[in-house]
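Heads up, the next two complexes both have chain A, just with different partners, chain B and then chain C.
Up next, the complex of A and B:
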């Protein structure tokens, strides 16, 4: 029984943690580099799901081709948002609140465009792989395994980009010191746009993966954004990739364990209580070095 | 000027130029095809419209979530209302008025938003009646319309409607009507029928345990409590009683782990949100127990059945009155066919609710005018007369039976028949009562997976 419980908790933690990390890493990347919380991030999540739905159901494209097309499209979406809308506000040194509001408005526009184009009728993405594997009493669908593998792959690729490529080094430099980056000739504007582009890839891929588990609506990314905000706040908005990943799986573990042993209804307030306690202990976030 | 040839020539040229200009401008300024069939038809249509609706425009309001998480339902409300308005206007409108629909976006049914929209519809848009499908769980819409004695028709939350009526002074909500019959069958019909099937040997169960999962809202919890009470009275044991937060629930693993640890004869989920219940069903099927499954409400959404497909085979659900999907319901069948022809797909059931609300309103207005001389576009007094007429005189043959309002302004349940359905390979089958059944209740397909 305990082994089955453990297996169930482990599977749920890994799956939920993977989805949270896809959401959170993008948010953290933007905050560290450009210093604003991207409220359009949840809408990118929604966009990813609808984009795949459209390509599979209307354009009748092959599923794998649709997923591959999502990667550059989501990058361009984020790139355009940053380069042509938010950047002008950054250059005018609009405050943090203005940037948040701007991204919030962009999110609302995208959400409503999705609503107008696709309507409100519930939709769903098919699984790429059907079927389950069992570990005793615990089971894991192949799709959940895909979530695990995809998020791990994306994290490895992003880690490689950040630490092993020139662009990645530049991104980290801008995150550390924007002024110094200007001085050494880094195209800061370009780096900002690339950061948001990369972040939106993560969000859109998360949207695709969740769109197979849930019905898709124009607001379906909103709930994930709320979770992402909790994880970001607990881990610290400048916790880096490692901190974001750890916090994502930590929150997923706490949530899953609590749900296993107490009524589900009690879990959200306890989770918030844990976040508050965490912030009281370390206000800047658990994984941010003081 | 002397009448010389030169002068006359100049005059002639000027006259020709002026005549030409007059002709050209006349051509472009005159209605197209003057004197032609086209002009006749255009004039006919305009005049016909004015003649057809001699009393002008009758504005009616529609509360619908046009944005936000409930937008799928809102689309259905709009589809049904616009469909009815189009048909009603094609038949001459209501009492000589052309009906015009004014929509208000209730988004996520937040109280202050609903109040503001109702105020706007009444005071700024000048509507004479307001319609809705489902909305705020506490029916704050009723409190917002009552000070204007505005006619308000709704199609949900019977349990809240009944509570408001019985706990308020008489006549507090005299202009509010609900196009649903009593929801009490949601509480007793499944326990009694399930027990009957077991005792008759139609259904096998592994034990007499029932697991109930519900969400934190009055509709879900009220139904869950009723099911629990009635099952316990019949000698069943409630082995799991679990509440989930109201809203999106993506991960049901912990609850399903409890179900798998102590498999019940019947699993019940009254959460009602189609997305949540679809996730519940799918995650249950990852490692199913040898239990029957009852899902509250969600299977009424066509998308639930379409998108889950064969995975929803074996699921039991019900409605407190005959619905459009009940086997042998000719009115329902015809309505579904007409809807598919109009929209190209089967709409969410609330499309039919809104459609029928407007037709019932039309009947009430016409009766009120004929008997009492009430004017649908009149003021408060006229609305009160129409409401009284709707309460006392309305009898409309709808898809759920005969629509006659009872003393609390819901559909009289003596004309309603509670129905139980079972889904099978994407089709809805009526399994109870026998009079309407087109199939026998079956053990669900997940039992064939060789589970213990």
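Up next, the complex of A and C:
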């Protein structure tokens, strides 16, 4: 009994932890480079799911083609948001309240456009691969396995981009010192836009992966965003790749364990209390790099 | 000259006091009642957002805490509505105090994140119902917070009464109108006094130059906590009033569309001005009443309005007013961007 419980909890922890880590890495990447939090990130999440749904069901495209099309579209979405709207505020040295309000507005606009175009009815994406594997009493669908593999792959690719390519090195340079990177001839505006584009890819892929498990509504990204923020505050805003991923899995583990033994609607307040306890112990975050 | 600062507010107050005598139109009165409540909420939000530079995303959650506590006390425990009004705003004050004590230490960024999480977690809990209601209603299947149906959907929340006059937004709206107007004026005056006291000056100093203010002996934690907890107190008071006036509260009062509306009121009025959000409440709440049939388009229009204000004229209505004043007095004033 206990062993089966444990297997089920482990599988859900891995699944939701991977989604959270996709979300959180995107958020912290923007924060480290441009020093703001993107409140439109949840809407990008929703956008990814609806984009795939539209291409499969209305345009009748192949599933894989739709996913390949999602990558450049989501990049362009984030790129445009940063380059044409937020950049002008960043140049004016606007403080964090103005940036939060601006990104929040963009998120609300996109969300309501989605609501107008698709309506508020629940939608569900089909699985890319049907079927499941069994471990003893616990079963795991191929899609959950796909979530694990895809998110790991995406994070590996992102680490590769950050550490091995010229643009990635430039991104890390801008994160460390903006003025100095101007001096050595880095196009800071371009790097900012690329950063937001890349984080938007992570959010949209997360939206597609989660859209197969949950029902899609125009507001389901907001929920994920709040979980992402909880991970961000618990782990620390600048906890780096390792700290963020670890905290994502930690929060996912706590959440799924509570879900298993408790009424579902009591879980969010308890999760919130845990974050508060974490803040009491270490206000700057559990895994902050010194 | 010193008496002149109260000149325009007193004229506006006179006009507002005489409106039910001139035009007792239920539509106008209903609109003005919601303007006063929203104005109070947005002013109190501005107390944190504009004067401290701390973005409390969960401000509407505190509004809802006030509303739900008041409703629960009056419905399930039979507390008199007047006592419930006081108790619920005090409870909101205490929750705001504890919340800000814990979260402000993590810094202003983390504060906005954790308050966002607070808002959505609270919304979840309210939607879920939070267990069966105490007493007879719980045996009938009613939940503690009423779930998505809303609190007071089965038996309405009792109204406040003066003698035999019920303060409600039912048929006779005039008592409710005067009640909300008086609350609005009192809370605006209190906030105005708070902002212009040494607490307000210390808060503005912390916002504009944190390191220098700390080195001059201003304790950031104390002042931030005082301001945030006072702003939640006024939000809770407004929420409790709302609950007793309407008789029913649904989780939608802290949903996205209300959040966007409040944000837009604060930003369009001008951050850190107090009278700006009050004036913007008149404009934008009336605008939403005329756009009410357009649901999703309404949110888009309001969000775009806020975005363009941020991009083109971030000081909002208050900034426009001071610009016109300087233009009128033939003193050139440079256009200012907000830096916090």
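As a working rule, the second predicted complex is superposed on the first by the 281 of 290 C-alpha atoms of A that agree within 3 Å, B and C clash if a C-alpha of one lies under 4 Å from a C-alpha of the other, contacts with A are read in each partner's own complex, and residues count from 1 in each chain.
The rule is simple: contacts are C-beta pairs under 8 Å (C-beta built on N, C-alpha and C of every residue); 3 or more make two chains touch, one makes a residue touch a chain.
It should be emphasised that the depicted structure is a prediction, and the values quoted were computed from it without experimental measurement.
Participant: Let's test your reading of the overlay: on chain A, do chain B and chain C clash or fit side by side?
Facilitator: clash
Participant: According to the stated criteria, A:72 is in contact with first (chain B), second (chain C), both, or neither; which is it?
Facilitator: neither
Participant: Which of the two partners, first being chain B and second being chain C, lies in contact with A:284: first, second, both, or neither?
Facilitator: In the superposed model, A:284 contacts chain C only, not chain B.
Participant: Who wins on chain A residues touched, chain B or chain C?
Facilitator: Counted on chain A, the partner with more touching residues turns out to be C.
Participant: On the A-aligned overlay, A:115 touches which partner chain: chain B = first, chain C = second, or both, or neither?
Facilitator: In the superposition, A:115 touches chain B and chain C alike.
Participant: Would you sort A:12 into first (chain B), second (chain C), both or neither based on which partner it touches?
Facilitator: first
Participant: Tell me the contact category for A:219 with respect to chain B and chain C: first, second, both or neither.
Facilitator: both
Participant: Between chain B (first) and chain C (second), which does A:134 come into contact with in this model arrangement: first, second, both, or neither?
Facilitator: first
Participant: So in the superposed three-chain picture, is A:97 touching just chain B, just chain C, both, or none of them (first/second/both/neither)?
Facilitator: A:97 contacts chain C only, not chain B.
Participant: Contacts for A:268 in the overlay, against chain B (first) and chain C (second): which applies, first, second, both or neither?
Facilitator: Touch partners of A:268: chain B and chain C.
Participant: Superposition on A: which chain B stretch among 8-16, 26-34, 134-142 or 422-430 collides with chain C?
Facilitator: 134-142
Participant: Shared contact residues on chain A for chain B and chain C?
Facilitator: Dual-contact residues (chain A): 111-112, 115, 219, 222-223, 263-265, 268.
Participant: In the complex, go through chain C and note every residue touching chain A.
Facilitator: Interface residues on chain C, with respect to chain A: 49, 53, 55, 102-103, 105-110, 112-114, 116-122, 124-125, 127-131, 256, 260, 263, 267, 271, 296-297, 299-300, 303-304, 306-307, 310-311, 314, 337-340.
Participant: In the complex formed with chain A, which residues of chain B make contact?
Facilitator: Residues in contact with chain A: 67-69, 71-75, 216, 242-245, 247-251, 253-255, 257, 260-261, 274-275, 278-279, 282, 286-287, 301, 303-304, 307, 348.
Participant: Spell out the residues on chain A that touch chain C in their complex, using ranges where they run on.
Facilitator: That would be residues 31, 37, 39, 85, 88-89, 92-98, 100-102, 104-106, 108-109, 111-113, 115-116, 219, 222-223, 225-227, 229-230, 232-233, 237, 263-266, 268-269, 271-272, 275-276, 279-280, 283-285 of chain A.
Participant: Which of the residues in chain A come into contact with chain B in the complex?
Facilitator: Per the touch definition, chain A meets chain B at residues 1, 4-5, 8, 11-12, 16, 111-112, 115, 119-124, 132, 134, 137-141, 210, 213-215, 217-220, 222-223, 256, 259-260, 263-265, 267-268.
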